[in-house]
Structure formats: C-alpha cells, structure tokens
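Each remark here refers to the structure printed beneath this line.
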Amino acid sequence: MLDGLRAEVLEANLELVRRGLVVATFGNASAVSRQDGLCVIKPSGVPYDRMTAADMVITDLDGKIVKGSLKPSSDLATHVALYRAFPSIGGVVHTHSRHATAWAQSRREIPCFGTTHADYFHGPIPLTEPLAHGEIESEYEANTGVAIIRRMRGLDPMDCPACLVAGHAPFCWGKSVTDAAHMAVIVEEIAAMAWMTVTINPAIRPIAEVLRDKHHFRKHGPKAYYGQS
Amino acid sequence: MLDGLRAEVLEANLELVRRGLVVATFGNASAVSRQDGLCVIKPSGVPYDRMTAADMVITDLDGKIVKGSLKPSSDLATHVALYRAFPSIGGVVHTHSRHATAWAQSRREIPCFGTTHADYFHGPIPLTEPLAHGEIESEYEANTGVAIIRRMRGLDPMDCPACLVAGHAPFCWGKSVTDAAHMAVIVEEIAAMAWMTVTINPAIRPIAEVLRDKHHFRKHGPKAYYGQS
Amino acid sequence: MLDGLRAEVLEANLELVRRGLVVATFGNASAVSRQDGLCVIKPSGVPYDRMTAADMVITDLDGKIVKGSLKPSSDLATHVALYRAFPSIGGVVHTHSRHATAWAQSRREIPCFGTTHADYFHGPIPLTEPLAHGEIESEYEANTGVAIIRRMRGLDPMDCPACLVAGHAPFCWGKSVTDAAHMAVIVEEIAAMAWMTVTINPAIRPIAEVLRDKHHFRKHGPKAYYGQS
Amino acid sequence: MLDGLRAEVLEANLELVRRGLVVATFGNASAVSRQDGLCVIKPSGVPYDRMTAADMVITDLDGKIVKGSLKPSSDLATHVALYRAFPSIGGVVHTHSRHATAWAQSRREIPCFGTTHADYFHGPIPLTEPLAHGEIESEYEANTGVAIIRRMRGLDPMDCPACLVAGHAPFCWGKSVTDAAHMAVIVEEIAAMAWMTVTINPAIRPIAEVLRDKHHFRKHGPKAYYGQS
C-alpha cells in the first residue's frame, strides 16, 4: 500500500540527516497521495538509522491512522492541515535547521536580499504571528498549521514554498516530498546568507522588485527559461 | 568490575569527539553506579585514539580512586559533587564545545528563544555566578560543582539538564552517560541557534511561557505524547 | 572538438561542488579557446552527479551555440561578455558561495583587511552598481557582464580577479578555468574572514597600501619571489 | 641529514591541511635542530599533495640554504628570527586560519575570555604593532619576526605560544613542530570562541586573574597536575 511513496518519504527524511539539517529526531517529512486522499509520514521519535519504509505511517487527511503500527510524527496535524489548504503541494518537510530556526526564533521574516532567494521565493520567507494562548493549549499542532495558512493568505504556495513559525522553525513544501526536502536545504542556505548579510550591513534593504521578478520568473511560470527544456 | 559501565563511558567520550564537541583533550564524561556508590570517569589528558574501556578510572563518590592505574580527569571533583547533589542523574558530560562555551564566556545564560530549547529545558540554560577567589585557589574543581549546585537550587535536574560555568564551559547530565553525551550535542545546537538569534535581533525576548510549557511537557512528565510510548 | 577543454571545464564545475561552494545547481564555470574564438560552458540546470564532459556546450563569443545538444548555462551571456572585454583571462567561474554572496547581498565591496586578501587582489574586491530597470528587463545576463566591465574600468583583471554583482553573487576569473575555480575558493575564504573581521571590529580600516603592495607583488608581476620560480 | 626532523616537519604541514587550517598554500611549519644550529622548513608554494619529506629545505639560523633543491617558504626569515630570539622553542607554525586571521585583521588582541584560553596562554593572545613603512619595504619577512619579538618582550614564549601579526595572521610555536601545529589548532579554536563571545556580549571583560592563573598553572609549570604525570 503506497509502497513507492513510503520509500520516497523515508528517503526524504534521510536526506535531511545527510544534509545536516536534522539533529537528534528533530524534523519530519511527509507526502500526500491526492488520488487516495492519504498522507504518508515519518513515525515519532524513531532513530533515523533504524527507520525503514515500512515504518512510515499512513493516515487520512484528518490525521486518522489508516496503516502503520507506530505513532506518527507529533507534527502530523500540521502536515495534514497544509495538505488540505494547499491543493498544489505534494510533500511537506519540517526541520529545526540552524540558520532558518534562528530567523524563526528572532521572529523576523527573511527579506529577499538577493537573487539566490528570488530564484525560489517571490518575496520574503514569511513568518507566522505567534499563536494565541488558547491555540497553544489545545490542538497545538493543528493550530500551527492554521497560523501558517493564515500567514500564506494571498500567496501562491509554489511561489512561496516555506514559512517560518515564530519561535519555532521552518515548514517547507513542494510538488513532491523530494522537492520539499530540497527546499529545506535551500531555505537553510538562504537563511545563512541572510544572517551574514544583516551582520555585515544592518541597514540593508531587499533587492529591487524588478530584479526579484526577473530571477523568480527565469525559473518559474510560463516565461521560465532556466534548465533543460 | 563495572565493565559494562566502563564501556559505556568510553563510548560516550568517543561520541563527543565524533560530534566535534571536543578538541585536543578538552572534555570528559562519567557515569555513576548508584547501587555500588561508584563513579566511572575518563582518565586525564590521555589521547582519545588510544583510550580503552580499561583506562576508565573507578572512584567512590568522594573521588577516592577504587580501581585504575591512570589519574582520573582533573574535573573528577565536579562530577562526584553533581552525583551527590542530584540523585536522579546517572551520567555527567563536560565539554568546551564552541558555541556553548562562547555563551559561558560571554557570561550570559541562554534564554529560551524557541521550541528546540523548550523541548529539553523548562527555562533558560542557567549560568553560575563567578567563583570567589578563595573557591578558585583551594579545591577549585569541587567548588565548580558547588557553584553549579547553588545555581540549580529549586530546579529539577531533569527539566534543566545542563548548566554553564561562567568564564568556563557547560556541564551536562542525564539519566545515563549516553543521555548526558546526547545532551552535550543538544546544548551545542541550542547555543549555536541562540547566538545567531541574538545577532539577527538583539532585542529578542524569550518565547511565551505557554509555548515553552507546551513543548517541554510534550516530551517530559506524565502528559508527554512525543515518541513511541 | 575541444575535448581537453571540455574535460577541464567539467572538472572545474565539479571542484566547486567538492569545495562546498555550490548548492543545488547554483554556479557555473566556463573556459575560452582564444585560438578558436570559442567558449566551453556548463549546461543549464543539469545535476552535477550526472554531468559528463560531452555535456559541456560550445558557443562562439557572441553566445551562439556551435556544438552541444543541451542548453548552455543561463549565465552564458555574462561569461562571453567577460571574455570579449578581458583578453587576458581564460576561464570564468560564477558561484553563490555563502560568504561572498553575503557581501554581494549587503552591497558592500570587500575592503583589503589583510595580507591573505592582498596576496590575490591589489585593492578591494569590487562591487557593481545595481543594474538599471531596463538593463534587468532586457538582456539581463549580458547586462550583468556590462555592469562588471563598467566597475572594472581602470583595473587589470589579473590584479583584481573577481567582482561582486550587487544583490547577486561573485564572478571570478583567471588564466584558465582551473585558476578561476581556485579563485572562487579564495574569494569565499577572504569573504568569510572579512565578515568575521567587521563583526569583531566594525571600525576597522583596510591595511596600509605599502603592506598591500608588498604582499601583492610578492606573488604577482616582475618582482614576484613567492613559489618555485 | 636530519631525516627524522624533515619527516616531522612534513607531517606537521600536512596536519594543518587535515585540520582545515590551510587553504591553497597559505601556511608553513618548521623545526629547529638546536644541536646542529639548523632549521628545517616547508618549500614555497608546492602543492601539499605532492610534498615529500625530501622537499623540506634545510637552512642555517640566518636563513642560508644548507640542503635542498627547492626554494624555502617565503616566510623563512620570520621563522629563523623566532628561533634566534626564543631559545626554548623547537617549532614554528604560520597559518591563515579563518578565525585567528580575522582577529589579526581586526587588529585586536584576543582577550582571555575563558579557561580554554587560560589553559594555554597566561594572558591575551598578543597582537604586534603594524610594521613601519621601511620595515615593509626592505627585509619584510625578517621584520615580521622583529615585530613579534618586540611584542613578546617580557613574556615567556612557553606561557604565550602564539602572536597575531597585525593585518596578517598568527604565528604559533612550541617545544617541537608537532606541538606548534597543535597550538595552531588551539589558537583557531580560541579565536572562534572569542569571536562568538564578543558578538554575544560586546561589553564582556577578561576572566579574573585568579581563575586564569588557576587554569594556566594546572597545566604548566612546577605545580601542574593535569594529565598523566
């Protein structure tokens, strides 16, 4: 049942470890099968070096377990909230990668300081509002999804494939879980460069919109001309 | 005699090296056997690549050598002081890891800036007061333990599994020496993120207590729901 | 056709990956055959681990494809502009390496803070002016070359073998593509040191011109005495 | 002739590369045979992966070549000046390691912010005065040695085993070239921690002298009690 997708989800989780984005068991990756209305996600708190594709938990889009003997990632409710809200995405990745987490902790969105950023994001990497007390006390993980969705209002998830959760860390997404894991790498890189940028020049402003648009639409949308074909 | 524990202590010491937390011979790990009232600790200044389990020194909880031909770590007196003061801990690890040491040197506790931190600490990573002149000149290592114990007054060592010694470096602990070595990795990661956080936003404040509590008690205490039950 | 040069260009591209200067498919290296009036450049958006020497695209110095079934790097027009303007160079490398990109994003040239810098650059690592709106909207990549050439006016490309493009990243060059790739490593190292330097001492000024000249001309020009003659 | 020492000098040079302290051909290590009055030093600008023990150049303590077909390191005159001035040292290492070089570039000595530092240095890591114009223009490398020796006046080279050259980089030394290479590792580590320390707390002051002395003399001098006797 969804064996290919489970293998891809496992692989994405391992890629996060190989790339140094995950320490201990922080971090989780999931994929959605739109056809089946099912989510495949990492189990909670299992060491990466013992994890197999069969350990991936299958749930419906309300987070109810359909198959799997292990408990799913404690962040499951955030993942399925994103799948319900963003029909164009196929995978979600959450990490506590160092630099991206530092921006989330500093409670600042990451301004578009350069073309590396613009190649992937058509604007800043956004930051959620802090959750209200009641949103934390009850259904915290689902409400983390709500906070991301609220912040993404008016943005196309494909032009803005990540969001920082204030005081927490980034959630990233893409057409597939493989793309989402790649985006987690890119977000960490952009966050590192942005950190250095503001420490070199605290007064720095984002690049001009025309330069941002040029780079973004070189790679995205109908006028893209980057890459083969 | 305590062969299993000696092997675990050796392994914890080597894990610190593999994780890049130890340069030269800075750093030491120990375990306690509560049943025997004995401490097992790394020898002093022996190169890591030649160290064997049999080199681990066994002492009583006053630091008196019971077995072993090598001198124990010069920080032994700090380790046994912690074992006497905190009955719930089973292992202690001391490193001079870069980022955590920088916080100790800057003489600032590490505020709880995010959920990564709250997952492990129910509050800041505390910082000792500087030792008095007399405490340095006589029984320095034992007094380092005293300074940590003083600072930990009112805190549960399991909710606050590390303390920074001012102008020196972190001491970490856990239920076992393996857990304590893992905590040294986590403390370094939290310290790195916190450093970046304050350089991005020097005015940043700790996260709300409700968010800190939510994350901490997701993983600790009777209401924990993280990981495989 | 130009098989040796294609192999060297492939190798330079792979060296950038090995050195950690390239994440994803950011970055490209090219060489010029002055004799043939031809440029050899990396294809666009092809994963590094599948790239072969035969994938390298051959173009004339106006950027017209002469041989190769893949699309050339989208930055081709910048590369050929530099070859036309700087007759002494044989290779061009573009990366988004972390520290050098942070300086480009902070829109500050890198002052000559030390002898490591002076060994390679007879002055700051320069920064282009931002491109005008029209220059971005039409023939953007060619105009990136124009901006670099404008900024390099009066400078010898061999005494100043790199330029930062504002809000973007560095372009580096050398007598060969191998030298240009080496320069990308050096520029990243100089940028990292300069970042740390300004965060330690924000008021720091460049080194004295006499010291800069001493180090630069120890390695460059008729009075050089560094290395095996 | 001095085959053992040549092998040790080669190994020390390679250790600098393995530890990531040397990029390109920056950096050089030498040893002295006090008995023979001879210095053994790395050749200039030879790639590390092709270097053999037989490539090490032997000179007298005035820097005159005694044996070796290659040109010695261009910094030879600095090395022999240090050997003449400091009779207790047996090896000298020069690197452009990132963090230590950043301090040299920022033209600040490294204050003794913690016990890691005090374990090796009985005071700050000192910084030379900038060289005078005439000292740069003529006999620059010998005068770099003069600047270090001037700054070290009143200090015991064994209690202060490195000095930063302003606008340049560190020189380190020890009883042997192996010790000097180890010191280059330690100096880089101390420099990294000190950089982070001042960015966390710009107002931070050195540790108390009594703590500095305690740590330093735990490892050095007649009352040392660290390590296996």
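Read from first to last, the chains carry the letters A, B, C and D; within each, the first residue is number 1.
In this text, contacts are C-beta pairs under 8 Å (C-beta built on N, C-alpha and C of every residue); 3 or more make two chains touch, one makes a residue touch a chain.
Note that this is a predicted model, so its numbers are computed, not measured.
A.B. asks: Kindly list the shared contact partners of subunit A and subunit D, in label order.
C.D. replies: Joint contacts, listed by label: B, C.
A.B. asks: Count the residue numbers both subunit A and subunit B use at their shared interface, divide by all numbers used there, and answer same if that is over half, different if under half.
C.D. replies: Under half shared, hence different.
A.B. asks: If I average the CA coordinates per chain, which chain comes out farthest from subunit B?
C.D. replies: C
A.B. asks: Please report how many Å separate the Cα centroid of subunit B from that of subunit D, as a whole number.
C.D. replies: Subunit B and subunit D have C-alpha centres separated by 33 Å.
A.B. asks: Indicate the whole-number Å distance between the mean C-alpha point of subunit B and the mean C-alpha point of subunit C.
C.D. replies: Roughly 46 Å separates the two chain centres.
A.B. asks: Give the residues of subunit B touching no fewer than two other chains, as numbers and ranges.
C.D. replies: 198-199, in rising order.
A.B. asks: Write out all the pairs of touching chains, ordered by chain label.
C.D. replies: A-B, A-C, B-D, C-D
A.B. asks: Taking the complex as given, what residues does subunit B use to touch subunit D?
C.D. replies: 23-26, 43-46, 70-71, 74, 96, 98-99, 101-108, 130-131, 133, 136-137, 140, 167-169, 195, 198-199
A.B. asks: Subunit C touches which residues of subunit A in the complex?
C.D. replies: Where subunit A meets subunit C, its residues are 113-116, 119, 182, 185-186, 189, 192-194, 196-201, 204, 207-208, 210-211, 214, 218, 225-228.
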